[in-house]
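Common to both upcoming complexes is subunit A, partnered first by subunit B, then by subunit C.
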Partner chain A sequence: MRKALIYLALSAGAVVFAYPFVWMVLATFKPEAEIGNLSLLPSVWTLESYRLVFETIPIVRAFLNSLVVAAVVIASVLVFGSATAYSLAKLRWKGRDTVFNLMLFTMMVPFMVMLIPLYTMIVEFGWTDSLIGLIVPFMMNATAVLILRQSFVTLPTDILDAARIDGCGEWRILFTIVWPLSIPALVTAGIIVFIGNWNEVLWPLMVIRNEDWMTMPQMVALFTVGGGAQARLGPQLAAAVLLALPIAAVYLVFQRHFIASLASTGVKG
Partner chain B sequence: MECVRLDGVGKTYDNGFVAVRDADLSVEEGEFLVLVGPSGCGKSTLLRMVAGLESITEGTLHIGGRLVNTVAPKDRDIAMVFQNYALYPHLTVFDNMAFGLKLRKHAKEDIRERVTEAAQILGLEDILASRPKELSGGQRQRVAVGRAIVRQPKVFLFDEPLSNLDAKLRVQMRAEIRALHQRLDATMLYVTHDQVEAMTMGDRIAVMRAGVIEQLDTPLNLYDFPVNRFVAGFIGSPAMNFFEGSLVGSSFREGEGGAVVSLTEAQVSNLAAGSGSVVLGVRPEDVYEVGAGAAAPAGAVRSVTVAPTLIEQMGSEVMLHASTPTGPMVARVARRPVLEPGESVDLAFDRAKLHFFDGVTGVRIPTGG
Partner chain C sequence: MHKTKHSTRLPGERSGLLMAAPYLIHLSIFFGYPLLFAFVLVFHRWDIVTPMEFIGLRNFARLFQDDLFFRALANTGVFLVIHIPLQIIVALFFAELLNRKLRGRSFFRTVYFLPVVVSGVVVAILFQRLFAFDTGYFNGLITSMGGTRVPWLVSPKWAMPSIALMATWKNVGFYVILFLVGLQNIPASMYEVATIEGASTWQRWWRVTLPLLNPMLVTVVVLSTIGGFSLFVEPYLITGGGPMNSTLSSVLYIYNQAFSFNHMGYAAALGLFFALVILMVVLLQRRLVEEDIY
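Our next item is the complex of A and B:
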């Protein structure tokens, strides 16, 4: 009896959370006129909203831009971030703990604080209106370093010593010993970086004016808020669904890792 | 020929802690040298300096005649076996052993040959495809040894390789490693805190205390001629008995109610030259029960009367635990009917087997046998 009540409450909660999302996805398949009412299912299924999105804005190009930026950023964070994390976790050098504390401190500083100095630098370097301007500021990520470091410190140091005697340099130890033993942490760090990067709107709005180099969230934001959709709800919702698609895909693929790591590290992006 | 030589090697950690002080040590080619000492005395630090895993802050280290102070571990021609095995968890047994050879760009055929041979020697043929977590402790340790021998290094370094195994397996692996040493004609430097392991395995033993090598000698010389009270007490089980006292006339006297041992002329004249306070050492097996019938050697003289507090029947012999004014003592005496609690016994010490140490410095006082 008690159990039944709990299930009931949980189901109700799930409906409350899921309803808007389900409604949104289904609404994109409705004709524009039908969107206003609260019925879930469209009376006629149509791709009109999507057609409008693809016709009005270069969303494929924006998708590719975002993809390139995210891929390079993730690769960079995993390589350089894990090197940093390895050094902080397993190498002995003067000032290591100070550096680690400084890094933790930078995590507390809101991105807003760095926005203006960062922007000035990018302008100085002439990196506005280019993907480089979107990539370079995010090539390192303190949260990812922290996640990786916490995982690396648990590796037995003797294994690393054995590898040193067997003939590994530190980079090779990182990639042939540490990486294969830290896959969950690498996946978690990768996902957190991906989600953060994929959803970033503010920074692209600052450094990109040329439509050719816009990222997907930027373009979708401009399209929905900036009037590109001419106040039609259908295309706005369709663009939002397209934007969420990669996140949903990543989530589905790595679901298990993600839940486990959120639960274990207690760190959020 | 010397294979490893340390001259005045010292280690000061970054926090200022001096873990090893002025260590002189040489390991001969083909020798099995054991480093033994209590926990925290710096054995691992010393071994890790030889391996190159810890920087040497003082002195020089030569391996095979080459100065290697600043040479990377992989270029020192050494292999090491760790206490926790330190196998690569994500690799199979085969790949664990082959890892170092692959990095050194050995031909595939050569790698297969060497790994197979090592697997045969160590009885690992059937588990080459397993991963470390599927193996028992003994098997893991064999794989760790296998990983070392496939490399055919100039020196093998062992850091307490057996301390994670159960007692029975430990005895067996001890013998196996000794046999391996003979078979490979290898040079081995072996760290342990277990003096029994040291005595049974080492060609020579270096006894360390608080970062200092106290004595380096063969097992029997360590046992018979310990250079100081620490070494005397560390080597041997049960440990040597010590009596603190002084030379009075021609006898050693512990004090009121304690041991009184009449000494030989040679012993008296050597002790008389000393500072006054003397520590007498006698091993449990050099103590005999007076009048118990069992043949005591000619040198045995009645020395002390004690009331045993604990009597351990070992079957072939009896361990008597008692206390004397300056500390506990243990006697290993011939088998006899059970004592009544509180009954006292007269014990004789073998005069030819007595050890004397300076009461202040603990240094051995030679007494000419």
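Our next item is the complex of A and C:
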């Protein structure tokens, strides 16, 4: 009886969180006039909404832009971020603790302080309307470094010393010994950076005006706000579904990692 | 075993700094410089095209007479007053239900977490449909049951609460997981002691669970607050800050000042002030929540 009630409540929750998505996906296959009614299934299935999206905006190009930005940012954060994390966790040098405290300080400064000065700087560098402006400011990430450092600290120093005696340089130790032992932390850092980067809208809206360099969330947002969708509901929802698709797919494959990774940022915060 | 006494030649005196160098360089260019420049910018008028003009404290003087600045703060307040309690109650409810051996536990977790990973743009477009006055799903449901339509996004009174509701729907899965971690960290022995002493289920919950969950509660309140001040996509996409500026958020106002009016100096001053307000609110909350429970 008690168990049944628990399942009932949990299922009600599942409906509340999943049903809107189900409704949205099915609505994109409805004729425009049907989107306003309550029925879940279309009376006639049509791809018209998607056709209009692909005809009006270069959404594939935006997807590729997003992909390039995310890939470069993640690669950079993992390579240089883990070098920093390794240096902070396993090497001893003058000023190390200062750098670590500085990093913690950067995480406490609300982003709106930096928003406008950073933007004006990007303008002066001539990086607006280019992927560089979306990539370079985010090639380092303090949260990722913190996560990696916390994992690296637990590695036994003996194996590192052994490698040093064999004449291994620190970079080689990082990639051939530390990395293979720290896959979970690397995955966590990668996922956190990926979600943040993939879903970022404000920064692209500031830096990119040229359609050729827009990211996917930015383009979908402007399609809805800027009138590209001409107030038609079907294409707006279809664009939203296309935007949700990549991350939902990655999420369903790696869901356990996603949940654990994101939770770890909060638990430490 | 004690190899640490190798300290005649510490590993990394040189390579340590070298490996952290990319981070330090990046930090000084993309954090240090903008942070310092923020304190220059706030004393200037600048449209980013013509040269900067020093205007002393005029940006701040203006800020204290700016109705929209206070409006954005008040709107954020409305958002937080609804969002934080709602989020805590709903998240605790589901975390408590999930904190037991159950078949399908990971299924429910996965579903609850789905809105968290999906872009805010998707959620905004979706809820714009659900909240629509004439053709929206919610009002369709309400009228089909004989009720009258709710002016979700079209009335200045309802718009911000509607957005708070939507944000709660999007984020609550994240907080379910945080509370779940918190609940699982409470040692079972604590409950055993309480049970032996004759505490009822409710008493155990109030006297054991809640106090021990306090650190997590602080985290949730602080993260939600920062989230509330960072609100941008939803009002930008759905209401544009309206109706009658009732959903103008801090970040949206900074964005408008910078990009609709090219007031870079004033926008930077706004950013600085909103950040100060965040820090003050967070410090206050920490103090309140911590005192409240003990």
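Just a few scattered comments:
Quick note on the criterion: the second predicted complex is superposed on the first by the 259 of 269 C-alpha atoms of A that agree within 3 Å, B and C clash if a C-alpha of one lies under 4 Å from a C-alpha of the other, contacts with A are read in each partner's own complex, and residues count from 1 in each chain.
The criterion applied here is as follows: a contact is a pair of C-beta atoms (placed from the backbone, for glycine too) under 8 Å apart; a residue touches a chain by one contact, two chains touch by 3 or more.
From a predicted model like this one, the values you see are computed outputs, not experimental measurements.
Look at A:R92: by the touch rule set out above, it reaches both subunit B and subunit C. By the document's definition of touching, of the two partners only subunit B reaches A:L181; subunit C does not.
Which of subunit B and subunit C touches more residues of subunit A is settled by the count: it is C.
Shared-chain residue A:Q230: touches no atom of subunit B or subunit C. In the superposition on chain A, A:D161 contacts both subunit B and subunit C. In the superposed model, A:A9 lies in contact with subunit C only, and not with subunit B. By the document's definition of touching, neither partner reaches A:S43: not subunit B, not subunit C. Judged by the document's definition of touching, subunit A residues 92, 94, 158, 161, 164 lie at the interface with subunit B and also at the interface with subunit C. On subunit A, the positions that touch subunit C within their shared complex are 6-7, 9-10, 13-14, 16-18, 20-21, 23-24, 27, 35-38, 80-81, 83-84, 86-88, 90-96, 99, 102-103, 106, 109-121, 123, 136-137, 139-140, 145, 157-158, 160-161, 164, 169-171, 174, 195, 198-199, 201-202, 205-206, 217, 220-221, 224-225, 233, 236-237, 239-241, 243-244, 247-248, 251-252, 255-256, 258-259, 262-263, 266-267, 269. Per the touch definition, subunit C reaches subunit A in the complex via residues 3-4, 6, 10-17, 19-20, 22-24, 26-27, 30-31, 33-35, 37-38, 41, 46, 48, 93-94, 97-98, 100, 102, 104, 106-122, 124-130, 132, 134-137, 140-141, 144, 169, 173-175, 177-178, 181, 219-220, 222-223, 226, 229-230, 232-233, 236-237, 240, 250-251, 254-255, 258-259, 264, 267-268, 270-272, 274-275, 278-279. Residue ranges of subunit B in contact with subunit A, taken from their complex: 14, 48, 51-53, 72-74, 78-80, 82-84, 86-90, 99-100, 103-104, 147, 151.
On the side of subunit A, the complex with subunit B involves touching residues 92, 94, 156, 158-159, 161-168, 172, 177, 180-181.
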